[in-house]
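This report concerns only the one structure given below.
The first chain written gets the first letter, and so on, giving A, B, C and D; residue counts start at 1 in each chain.
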C-alpha cells in the first residue's frame, strides 16, 4: 500500500534503490546522484509530513506497514507470556493480553491486534474486539492490580466490532463495565494510541493515568467517513470531517485529552518501525518510573480528576475522595 | 403421579373423597365410616412415612406435587421482584432470583425452578441450571452484599445441566467461582434444600451460614441410580446405593452437613404444601433474626469454619482470619 | 455511535393533529386525550412514545419536591465545530430555543414516594439525547451529589449515543460518567439505570448499562451499534426483535422490563432493598 | 461426577512391556527408555501419559528442597460405605498398599528454581484422583500454609471428580477447598492451577478452575460432566476435540497450554509477575 500524497517520495525512494543496485556493478559510479537524491527525498518527507492534513494523517494511522501490537511485543519486551480467555465465553484474538517484561519492568501488556496476513486479519477480526475481548482485558487488569504490577495498553483498532453476536453478548455492557472498573483499579495504567483509536472500542481499554499518542495516530469518536456521511450527507467529505473532528495528536494534546505525543521518525512509523517502537518503549518506561511512587489511593483519585476535567463546564468542585 | 408405597394410602384417600361426595346427598349418612377411614389413613401415613427407606425418600423428594420454588415465593413473601440476567450471556430460567419480603424482612431470594407444565419444564430445563444461572445468582448475591440484605437460597435440582453448551460456557468454572466467592460474601446466607439437592448443581448456591433440609428432601453427591450403575454395575440397585450414600436429612444432620431438619407434615410436603411452606418460612425467619446480629467478618469466618470442619481429619488448627 | 441522526429526522406523526394521535408503531388512530392520559403509551399496541424530561420528572418525583442541579450548565463547543451547512453553535442556539433546555439531561433531587433520591433524565429532543460535555458534566455532578448525600441515584437514558459535534470530548464523557458510577459502587450508594427508547452507542456503552439494576421500558431499542451499521457489517438481515428490551432481557443485560405507568412504584419497591442500614 | 470409574478401568498398555511402551493415543511403539526420558510424552503424537505425584514433584520442585505436609492424613470413611462386592475400607487398604500413598494428593513446600512455593499434586492412581475428605483436608491445609507464609500456591489436578464412597462429605470438599482459595485471593497470595489429564467433576468444578492462572497440559481432557453422560443427555455425538485443553482455551477457561517439559520454567516465569512487593 502506498499513500497518494507519498507518490513522489516513493518514486524517489525507488530510484535510489535502483541506483544503489546499479552502483554495485564495476564500471559505474552513481554515488553523487544517490547522495543528492537522498537529500532530496529527506527534504520532501520533511515537507510532506510536516504538513499532513488530518485526512492524510488518517491514512498514515491506518497504514498497514505501521508496527502492529506483535511488533511492539517483540521490540519492547524481553519476555511475553500470553494469557488467554475471559473465563466466561471465549478467547478474543483481536485483544491480546499477557505478562511482559520491558527493560526489567514487569507489566500486564494489553493490546489490539489487527493481523497482517489475510488469515490473521480474519482470525483477529481486523482488530475489532468482541465483548469477550474487553472482558478478558478486565480480568487480567484486575489480576495485575492484585499482583501489584502496572498495566500498559496499546491501542490500534477501527472500532469495537459492530456485529450481531457482539450485541447479543453485550458489547455495550462490556465496554461500560471496563470504563467503570478501570476508574477504580489501584495500579498504574499507561495507554498509548499507536494507530487508530476508534471510539468506544478504543476507550474500552484507554482509561489510563497517562494517555499518549504516536504523532501520526488518530483518536476519534467516529470515523471521519461516518461523520461525513451523516453531517455532510456525503462520505466523500471525509477530509472535511477529519478536520472538523480534531483527531490528530497535536489537537488532542491541546484539548487535554492526551498527555504526551510520542514522535514518529521522519516519514512515519511505517518507514522505521524500530525507531518508533523504541520511542514508545522509552516513553512507557519513563512514566512507569514516575507512577510507581504514587500512592494507590492517590493514583485512583488523580485518574478520576483527569477524566472529570475533560469538557468540564467550569470549576465547580467535585468531592475529592 | 403416585408412589408405589403409597398405593394403600391413596386408595383410602380416594375412598374418603368418594364418601364425602356421597354424604352430600340427602338420604345417606357416612359420617362414621369417613371418620374411621380418616383415622385409618392417618395411622397408615404415620407408619409408612415413619419408616421410609432412603430410596423411598428419593421418590418423595422428587414428587412432582411437592411445593416448587414458585409456591414458596407465593407462600412466603408479600413481595417478589424478579431480577434477570447474568450481564454476560443470558437469563437462565432454571435459576430464579429476586428481591423478596418475608414477614417484613427484605432478602435476596434465589432458587431453582423445575417447572410444572410440560412447557414450563422445557423452558426451565427441568430445574437444571446452565452456567449463566450460577453467574446470575452470584451477581445478585454480590448485590445483596452491597445492599446489606441477607440471601436465602432454596434448592431443588437434579443436577447442573450436563449439556454440550453448558460445558462450552464453563459449567465447571461457574460452579467453582460461586463456591469461591460465596465463601467471602459479607452478608448472611441461609440455604434450604426443599427437594432434590443434586450434587455440584445444588452446592453451587448452597455455601450458607445455615443449611437446612426438609425432612423428605435429599442431598447427594450423585443420583443413586448413577452410583448403582457404577459401583454395583446395575442401576436397579439404586435402593442399595441410596442407602449407602446417606442422603436423607436425618443422616446428613448426623454427619454435620446440615444444621437443621424442617419437618414436613404427615404424608410429606406434597400432601400439604401450605404447612410445609410455613414451616420453611418460620425456620428462615428464626435464623435470619440470629444472623443479623453477627458481625460481618465473624460471619465469614464462621462460614469458613463450618465447611472446613466437614470431613476434617483431626483437630489440627487452621489459621483464623 | 452515529445512529441517532437517522432517528432524529423521523417526523413524529403524533404532533400533527390536535384531536387524534397516530401511533408510531401500529399506526392506530387514538384520541389524543386518551393517549396523553395513558402517558403516551399506545392503548392498542403498548408502544411507548418518547416523552420529555419534564413529563418524566412529573411521573417520577413527588410534586413540589424537585430541586434542579446545575441548570446553568449548557452546551460547550470545544472543537468550534462546523459542518457544511452550519455551525454547532448555531444549531445549539436553535435547539435551546426550541426545547427550552440547556442540555440533553435534566438533573436534580427530590423525593420518590417519600424517599430522597437524586435523578438525571435525558431528553431525546436535545440533539437526540446525545452525550455532550455538558451532559456528561451534569450526570457526573448529580452522581457526586448522590455520593455526598448517600442518596440513591436514578438515571433515565434516552440517547442516540455520542455527540459528534463535540468529537473526542464527547467520547471522554463516557469515561467520566462511569468514573462517577464507580465511586457510587465503592461507597455502596444504589444506582438504578432506566433505559428508554432509544439508548445507543456512547450512552449504552457507559452509565446506562452498569446500573445495580437495569430497568427498561417495553419495546425500547437498546444497543451498541445501530441496526443499519450491523446489517452493513454482517451483510445479513437482523431478527425483528433485535435490540429490543425483551431481547436484551433474554440475553442477560436487563433486570426487569417495566411499563411506564408502573416505573415509579417499581423504583420505590426496589429502593426499599437498597437502603443500607 | 461419576466419570472416573470408566477411566480407572482402562488398562494402560504401557506397563506391559519392559522394552517397549505403546502410546495410549496413537498406539505407536516407542522405546521405553526414550519415552521415560521424554517424561512419558509420546515422541510421535505428543500424548501426555499420566505420571505419578512423585514424578511430578521431581519435575517441579528443586531437588532436596521438598518437605511434605500432613503426610499422616489418610482416607476417612465417614459413611462406612460398602457396595455389593466390597467395603470402601477394604478398597482403601488395597489402594494404599498398591500405591504407597495415603491419599489422592501429595502436599508440601519447597523451592521452584529458587522461589519458595507450596504445592499440591494429585495422583490419579489413588481412587482415580477422586476428591475424598482427606484429599480436601490436605489441599486446604496446604493453602492455609501458603496463606500464613505468603508463598504462592500451585496445585496440579488429575481427577475423575468426587469420591462417591464418601458421599456428601466428598461434595463438601468442593466448598471447603474453594474457601481456602478464597482466602488466598483476598490476601493477594498467588494461586496457580495446573490441569492435567483428566480433570473432571468435583475437582474441575472447584479449586482446579479458579486459578489466578489456569495452565493445562496439551490434549488433557477437562470438563464438568463426562462425555458419555453428555451424549446420553443431548442425544448427539460430540466433536472430537470436545473438552480438550485446546477446546477450553478457545472457550476462554485456560490461560495457557504448556508442554510437560516446559511447565517448571513456565511456572517460574509466571511467579516473577505475581510476587507482590
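Basically, a residue touches a chain if its C-beta (ideal position, glycine included) is under 8 Å from a C-beta of that chain, and two chains touch if they have at least 3 such contacts.
Because the structure is predicted, anything quoted here is derived from the model rather than measured.
**Student:** Measuring from the mean C-alpha position of chain A to the mean C-alpha position of chain D, what distance in angstrom results?
**Tutor:** 42
**Student:** Measure off the straight-line distance from the CA centroid of chain C to the CA centroid of chain D, and report it in whole Å.
**Tutor:** Once rounded, the distance between the two centres reads 52 Å.
**Student:** Can you work out the whole-Å distance between the CA centroids of chain A and chain C?
**Tutor:** Centres of chain A and chain C (C-alpha means) sit 32 Å apart.
**Student:** Would you mind listing the residues of chain A that make contact with two or more other chains?
**Tutor:** Residues 87-89, 169-170, 173, 177.
**Student:** What positions in chain C touch 2 or more of the other chains?
**Tutor:** Only 185, 251-253 qualify.
**Student:** Examine which chains touch each other and state the graph shape they make (line, ring, star, complete, other).
**Tutor:** Per interface graph, the chains form some other shape.
**Student:** Can you work out from the touch definition every pair of chains that touches here?
**Tutor:** Listed in label order, the chain pairs in contact are A-B, A-C, A-D, B-C, B-D.
**Student:** Per the contact definition, I'd like the list of chain A residues that touch chain D in the complex.
**Tutor:** Interface residues on the chain A side: 79, 81-91, 99, 101, 106, 108, 132, 136, 143, 146-149.
**Student:** Which stretch or stretches of chain A touch chain C in the complex?
**Tutor:** On the chain A side, the touching residues are 160-164, 166-173, 175-177, 179-184, 199-200, 203-204, 206-207, 219-222, 226-227, 229-233, 237, 240-241, 244-247, 252, 255, 257, 303-304, 307-308, 310-314, 316, 318-319, 321.
**Student:** Under the touch definition given earlier, write down the residues of chain D that touch chain A in their complex.
**Tutor:** Going by the criterion above, the answer is residues 185, 188, 190, 212-213, 249-256, 266, 269-270, 272-277.
**Student:** Quick one: which bits of chain A touch chain B in the complex? Just the residue numbers, please.
**Tutor:** Interface residues on the chain A side: 87-89, 135, 169-170, 173, 177.
**Student:** Quick one: which bits of chain C touch chain A in the complex? Just the residue numbers, please.
**Tutor:** Within the complex, chain C contacts chain A at residues 1-2, 5, 70, 73-74, 76, 78-79, 81-84, 132-134, 136-137, 140-141, 144, 147-148, 162, 164-176, 178-179, 181-183, 185-186, 201-202, 204-210, 222-225, 229-230, 233-234, 236, 238, 242-243, 251-253.
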